[in-house]
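Below are two complexes that have subunit A in common, paired first with subunit B and then with subunit C.
Right after this comes the complex of A and B.
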């Protein structure tokens, strides 16, 4: 899937379709947050690449694991080296679509609640997920927001027993994207 | 007494480094590699897995011709080399961007600049983060 992503994006963005149908960002933000009685851990990635097709509802995200920034350098190191093994699995991706999608009217300001379904790949493991999201349209911009939980163990992320209580069983994920029309 | 003072300073220094390293102070770190932006992109384009293994997580000092310069919604400034979509991007965090505001303001498209940052890998473009401008020539 990792190998396919670049050609997929390049193909989709190169196709001779009206640029106004594809909305794009290279600075999308994903935050994940783990809260336990022992400590809170928060990591931010604002280098997310994503596109949204407003005719088909197709939605693709690509994230570099190393770009998650933690408050403590040592925690970031453990995350990369021990938990997510970013040298083996440098990226996380999501490929899916908005369910029951009605083409967005970007000429009007508005907000719509949607459900997104697709394949989420982290740490070499792919899972089908379905999450809720809010899309807001403004002139020249679409904002997408989604909050959901993931279970790290479902992606083969093994938390050592000695720190198991430091990390929540379910990690809160917050996605915030500001899409603009794709222009080459 | 002086000897104890040195030990104490070394201990505090080590603690601060290990637990409090401000990984954003890129201008102080020695680069692992120095290369040209176009060459870097070509390496990733022809063998992404190998290039990611070689450069991922490393500090790169990269020189190239500026394609564009943009501030984004988070107050970070991104300098793009080679191509707007398929090139090398270097993101300067908002705090660093404030520190180097004058230098950043002076950058024009086509200028040859040198940046130093950590390479996180490649999405559509090769991504350098926590960047600092190392000065350049026109």
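Right after this comes the complex of A and C.
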């Protein structure tokens, strides 16, 4: 009888636990900046979808390129048409995990500094990146914050000589996510 | 033994269960993302295909300063340096009042016209579920011919100087290719030659093919119902071929065309060059867009 009892308990535990270990957002924010002596360019996207598995530390992001809004409509058009080619490559994605991850205790508030590594795909080119991030837990939600730089040329985004001085070599990216438990 | 078997099945289930419920995060992501309906942008680089309007609007608070030149006829030979010695000019200032309404005023040296227009965007082509398939705009424009009267002794009215045009624009982008149909009505209060029509109907067909991100091949043709011959003047349908070259805030349009006029009333109603004879003008439009005040992007 005991041999039957153990898997039965395991089965009962398995379902609810797996349902609560996932957190998600559909309104995460990604902002990028390019700052040069000639001009500053800033774009905001607050419709980023992301999932975080607090047991394994897995993280996925999907960013619709067309949802980035700029101060100047003409810049937005050039960004989509001439640089990231959003018709051809509508999404940027990230798939990765938190390195040396200790499962998060979401029952109490706290903050941990982590490193995240994974595959970032922009403009049809996938690159391995490793960035620092801060995870904060509050009862019922988690926030994730990360600031890093990317080089558009590493993602095959060509910047012509005439505007080279208007666009920074390294683009600052700020990621801010408010995750809530995912219930299916 | 029976208990053992049941236990084995349950054990298997316990192992499988988290795998089944524990769906891959990537798949979850794909499921969550509802496809969004978004406006299709970048049908054209500029608000003109070549001579005629494209479906592109200026955005709110954008000012477009345009300089257009048409040289003389290529077949005028080396004495006129194949037309480059002569130049017909059009200057205009255009402004986006809202993202959907733009206005413009201009001056053309051909017939010394002063002109103005309103362009109103009615609908935008979209992508995603339930998307609207076309970008639709309306253009209403006027031209005032300010040439001195040919017969000053006649009773000349100011209204005789006016030409009006009305255009409906329907455009669609198919990837790198954009196609536009432009039914047009041009009304001239006074025509120069008896036998010419006051009202002319035309159907414009315009296209663009993007060669690179910044260079596109363009073409524009208007099928016009004007009389082919008015006294000794032959009239032809305007046809133009060109390139759009975009460099940040500037768009350069370089073209070959059989029209000297650069506004609807003049190029649709008054094109007397014939491609087959080499009555072709080299020309260019330069458009410089300034964003006057920062606003939230569309």
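Convention: the second predicted complex is superposed on the first by the 167 of 184 C-alpha atoms of A that agree within 3 Å, B and C clash if a C-alpha of one lies under 4 Å from a C-alpha of the other, contacts with A are read in each partner's own complex, and residues count from 1 in each chain.
By definition in this document, contacts are C-beta pairs under 8 Å (C-beta built on N, C-alpha and C of every residue); 3 or more make two chains touch, one makes a residue touch a chain.
These figures come from a predicted structure and were not determined experimentally.
Colleague: For A:154, is the partner it touches subunit B (first), subunit C (second), both, or none of the two (neither)?
Modeller: It touches nothing on subunit B or subunit C.
Colleague: Please name the chain, subunit B or subunit C, that touches the greater number of residues in subunit A.
Modeller: C
Colleague: Is A:95 touching the first partner subunit B, the second partner subunit C, both, or neither of them?
Modeller: In the superposition, A:95 touches subunit C alone.
Colleague: Applying the touch criterion given at the start, work out whether A:87 contacts subunit B, subunit C, both or neither, answering first, second, both or neither.
Modeller: The answer is both, since A:87 touches subunit B and subunit C.
Colleague: Identify the partner contact of A:178: answer first if only subunit B is touched, second if only subunit C is, both if each is, neither if none is.
Modeller: A:178 sits against subunit B, while subunit C stays out of touch.
Colleague: Thinking of the overlay built on chain A, is A:105 touched by subunit B (first), by subunit C (second), by both, or by neither?
Modeller: neither
Colleague: Would you check which partner chain A:27 touches, where first means subunit B only, second means subunit C only, and both and neither mean what they say?
Modeller: first
Colleague: Thinking of the overlay built on chain A, is A:46 touched by subunit B (first), by subunit C (second), by both, or by neither?
Modeller: It touches subunit B, and subunit C stays clear.
Colleague: For A:166, using the defined touch cut-off, is the partner it touches subunit B, subunit C, both, or neither? Pick first, second, both or neither.
Modeller: second
Colleague: State which residues of subunit A lie in both footprints, the one left by subunit B and the one left by subunit C.
Modeller: Overlap of subunit B and subunit C footprints on subunit A: residues 3, 10, 26, 49, 62, 64, 66-67, 72-74, 76, 80, 87.
Colleague: Where on subunit B is subunit A touching in the complex?
Modeller: 18-21, 23, 48, 52-53, 56-57, 72-74, 76, 78, 84-86, 89, 91, 118, 120-125, 127, 129
Colleague: Would you mind writing out the residues of subunit C in touch with subunit A in their complex?
Modeller: 3-4, 6-7, 10-11, 13-14, 17-18, 21-22, 25-26, 28-30, 32-33, 36, 38, 41-42, 59-60, 62, 99, 175, 213-214, 246-249, 289, 291, 294-298
Colleague: Give the list of subunit A residues in touch with subunit B in this complex.
Modeller: 3, 5-6, 9-10, 13, 26-27, 29, 46-47, 49, 62-64, 66-67, 72-74, 76, 80, 86-87, 90-91, 178, 184
Colleague: What residues of subunit A sit close enough to touch subunit C in their complex?
Modeller: Residues in contact with subunit C: 1, 3-4, 7-8, 10-11, 14-15, 17-19, 22, 24, 26, 43, 49-51, 53, 58-62, 64, 66-67, 69-78, 80-83, 85, 87, 95, 160, 162-163, 166, 182.
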